[in-house]
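Look at the two complexes coming up: chain A is in both, with chain B in one and chain C in the other.
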Partner chain A sequence: MAPKSCALCQNAKAILRRPKTGQQICKDCFFRVFETEVHNTITEAQLFKPGDRVAIGASGGKDSTVLAYVMKTLNERYQYGLSLFLLSIDEGITGYRDNSLETVKRNQQQYDMPLKILSYDELYGWTMDRVVSTIGKKNNCTFCGVFRRQALDRGAASLCVDHIVTGHNADDIAETVLMNIMRGDIARLGRCTAICTQGEDTIRRSKPFKYAYEKEIVMYAYFKKLDYFSTECIYSPDAYRGHARAFLKDLEAARPSAIIDIIHSGEAFEVKDEVRATQKTQQTCKRCGYMSSNDLCKACSLLEGLERGMSTAAISDKGRRKLEAEGPAPNNLRTIPYFRPPTTVTIEVPAASQ
Partner chain B sequence: MSEFCGNPAAETGEALMPTKPKFDRTRTCVKCKTNSGNLVIRHSVYCRDCFTPLITTKFRQALEPHINHVSTGPRRGALKPSGGLLVAFSGGMGSSVLLDLVHRIYCANVGSDELKGGREHPRRSRVWKRIHVCYVKTSDVFPEINDQTAQIREAVARYEGCEFIPVRVQDAFDRSWWERVSGDAASSSAEIPVDLNDGDSEPIAALKAHLRALPTPTATQSTLSTLTRLLLLYTAHSIGASHLVLGTSLTSLSISLISSISQGGGFVVPQAIQEEWISPFVKRTPETTSWSGEVRLIRPLREVSLKECTAWVWWHQLSVVGKQRVPISERTIGSLTKDFIIGLERDYPSTVSTITKTVGKLAPKGKSGMRCVLCELPTQQSVQGWKARTSIHSFADAPSPADVATSLPIYLCYSCQTTLTSKSSRSTTSLNSGSLSTTSAPDAMDLPTWAAARLAFGVGIGEEQSATTSTSTNETRESRQSLIKSLVGEFLLDH
Partner chain C sequence: MKLKIEFGGGLELLFLNQRTHLIVIPSTVPQGDKNGQPGQPVDINFLVHWLKDNLLKERPELFIENGTVRPGILVLVNDTDWELEGEGGYQLKEDDEIVFISTLHGG
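Right, the complex of A and B next:
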């Protein structure tokens, strides 16, 4: 059988079947459609303006490595006029993060971008290794996720950037839509498909890979021979998320468009006004100044639980009652340094990204 | 060997993994607090006596506030539906329970001496004067499944006062059926150029051709479900029913919600719980407040889980005909979602209820004046542009406005576009026949009668447009025929 020609350029020999569309295409056309779709995502949502300082959340994994490469490529090709930085968070996981950070350091050389590394130990006084040795593996992802979100903002503030971009891909977003419906998290469901999020005092954060399939990111890294770290975290992933991910993979196998279809669904509905009116308004943490839904932000609550030897204090009602029964926090309790957003941040958000 | 394997039943309690108790505190019924419980529903225990009122209350709470055209409260005496009632009956567990409850509450009890109040008390008057039961038969399309019409007819005949209406799924492609149900259009039906079959006017052949042109088993499953829904709605409209009730249980509803979201139906998913359908032939103005032929689709068992339905069937000794499974691949989004949700319900029993409650808090984002010509649900604007940006299929320049104007996708919702075009991961061509394959390649895509009529006349494409677009009736039959051909043409080839 004669080799099939590329469905897009009709000239070159097709060497891959595109996971998103099923089309058989050549390597160059794959690079072109992948990069053009990311560019479309960026321009449609008007994510950047010339002169913006943008931090790329870099873990050394496939998503952030490809993101750094594609951001650099598009910035040069379409003259976005951005100053790009790499920002890494060191969670303190021996045998995992220390190795992946070596990859990020090589990326710094390869892409010629400044790199900032901020560690949990420096910010919170706890490494994830110590958290897990104290509380066990159960719920450790809650601590890591909450700490990382705030650490990224604080690292970005120290770099004086206007914007953080992360490597969340289409699979991550589709999975989050399904999970938020199944566990009734209406607040997160309302915002999980937004390409750009921003609190009153936080730095704009967006996901240029929102419509990029995980399989295509891997394929892109493979064909471009990018240097990335591919080991999964040594601490077990969230079991419930694991269920949702396995289900999504089944759906994708049945009909590859399912991932993008779920994201389209997530963008097509919103929380009813009367329900939104009952949701908590955003405020500022009284202890560290970071955005919060309560008097204390989640990171401060988790840290207080760890410091006072009651790790479930910010996870379950029972834990919280136990902590309250112990009395107020001691004066010498370790706290997170007060958060001050960079003064250069612009608060304007394009209408399309709301 | 026995020293390694042991007999788990003989092991002491300490040696086995502790199992989570299936109920919270006590074995006594949480309702009457006297009887010993017979059934555990999401960690709460109920006795058999309390189970029946529990289910009838859930049923009535889900249905009765929506009986009056404008809601005035759930009091029985004040229930005044605008038209008749159509009960959808598939022979499955949910619809068997539904029919039993409808009959028990609105037919059998009416003359009962047990009811309080005098002879003229409103409680003794019938809420619905006429109740019809409709069965949509699919066995003509799938020779693998048996024709159950006779058993269904017999099952319905057990309930006095309910009239049986059998419908065939191929009626969706049958002009004579369309003329019967389309009301005002019947008079002008001779002019409707819906014959897209290139001489093959047999409805069954047209339906098979339509299904054969679909690219995935998921598309086949969702098309059958859309056809069934529209056949029921048009049937309800044709008999003057104001309400159509479906036996979707809580479990089935959450499966269908997740399945719909996974097929891009996010814009209409809030309506999947309850829908207000207006026939394109009903002339309504924004000022119209009275009932003018709309059909309200309600799922009165939406708070009743599959387990509760099973208990109802068992304790009330209902004989369930059984719904036959349509012989299409197990690897459809619908089947995968069903397996996933039922598995999840086992470990997290509140999940199904959480899903429906969460979806109940959602609303479509943005406005829509359009209805999809295939599924007749509201469509979003600028779906085409979104698709083109996020999944590039071609480097060719954007199509000209003239091309777009005569393109079928602009008349379709996102889900129906996906159904018609989204390929499976294995197929290299867009046309996949599944179990319906024949040696002949499909050379035309047939559309259901309502879609063809809407395309030809522009009826109801946009609610506000319907009055003006019907002027196209002046066009010649030939030109309309070629227009429809050009509209569907892009789905005929691999692209």
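Right, the complex of A and C next:
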């Protein structure tokens, strides 16, 4: 087959077919369009303003590694004026996270960004290794997910950042749309395609790769020779997501636009007010001050279950009642340090100086 | 025919945890081989079966599905997306470099 030339510059040899458009393009045009599309996503959603301190949730995997590289590139190219940080959570999984954190430490050098690592052990007094040795491999992803979410916010608060960006890509979001449909979780379905989420006193979180295909992220990492870590978590993977993922990949093979089409479907759903009203109102956790929809936040509840040797009890409301029936939490119970959101310093610019 | 094979994105774990392999395969499909028309030049689909039979150490279902690589694995032929080269039907040449990268691992 004769080499095809690039559909954009008509000049160099095409090296990639874009899944979004079917265009065959060369390496330089690929880098340019990939970066420009992320830039457009950022500017259209007005994710940042000059002077923002932004933490990149970094796992050492492909998505966050490419995100760190692209954020650095765009910040310099378009003068966003951002201070960028790497924020990693160490779940305490020997043979998995310890290796991936080595990658993040190399990224810190390569990208010249400050790195903060916060461990479950430091925050909760439990590593995931110890959680799994206590509760087994069932439900451990629930613990890890709840703990990670809160750890990211707390790590970000300690860095005094305004914003956390994560490497969630178009494939991840399409998967989540499918999972929420299959579970009938309509309230989440309404939120899961949002590019930026923010509660009242939580730190903004956004997904600059919302429209970036996984295939292009991996190709970008390959052609740029970026250093990333790729191993499955040694504890049982999220089986339900695995099915959604395999299904999505089959759809993509038949019709590459399927991923972006599913995201658009998710965005177009209009969630009725009655459905939205079933969501509990947000309050702060009575024990640790983190946002919560109950008296105790999920992490405090799970931690109390672990500490009191009734670990799986805290996963459901029924289990929680059982735990409460056992009596109040003992006074010497290990708890999570009180959460103080970063004090946002709003500097009022006097009208005269504008 | 000599080929250079590279695995990435976690696929190397199925192949002795080694990223690069230099291999020699027949240049035409051998008699009695069910993975192609005997006597025809070998293509990537033949190579995928050959790798499964000769180099893969564990969990073949993570590499091969319905006679070709599993969806979610990217393939490059001499640093070009195999979708531009005829995918599984690409006829291999001496000294070709074929890269397989899994996209299925977390990021």
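Simple rule for what comes next: the second predicted complex is superposed on the first by the 339 of 354 C-alpha atoms of A that agree within 3 Å, B and C clash if a C-alpha of one lies under 4 Å from a C-alpha of the other, contacts with A are read in each partner's own complex, and residues count from 1 in each chain.
The criterion applied here is as follows: a contact is a pair of C-beta atoms (placed from the backbone, for glycine too) under 8 Å apart; a residue touches a chain by one contact, two chains touch by 3 or more.
Since we're looking at a predicted model, the values are computed, not measured.
Of the two partner chains placed by superposition, only chain C is touched by A:G61; chain B is not. In the superposition on chain A, A:I260 contacts chain B only, with no contact to chain C.
In the superposition on chain A, A:L8 contacts chain B only, with no contact to chain C. In the superposed pair of complexes, A:S230 makes contact with chain C only, with no contact to chain B. By the touch criterion stated above, A:Q24 is placed in contact with chain B and with chain C alike. More residues of chain A are in touch with B than with the other of chain B and chain C. Of the two partner chains placed around the shared chain by superposition, chain B is the only one that A:L178 touches, whereas chain C remains out of contact.
Once chain A of one complex is fitted onto chain A of the other, the partner contacts of A:E252 extend to both chain B and chain C.
In the superposition on the C-alpha atoms of chain A, the part of chain A touched by chain B in one complex and by chain C in the other spans residues 24, 250, 252-253. For chain A in complex with chain C, the residues that touch the partner chain are 1, 3-4, 13-17, 24, 59, 61-66, 167, 169, 171, 214-215, 217-219, 222-223, 228, 230-233, 245-246, 249-250, 252-253.
The part of chain B that touches chain A in the complex is made up of residues 216-218, 257-258, 260-267, 269-270, 331-333, 336-337, 340, 344, 351, 354-355, 357-359, 361-366, 380, 386, 389-395, 414-415, 418, 422-425, 427-428.
Interface of chain A with chain B (complex): residues 8-9, 20-24, 29, 32-33, 36-37, 40-41, 44, 177-178, 180-184, 186, 189, 211, 243, 247, 250-258, 260-262, 264-273, 275. Listed in rising order, the residues of chain C touching chain A in the complex are 8-10, 13, 70-72, 74, 76, 79-81, 83-86, 99, 101-107.
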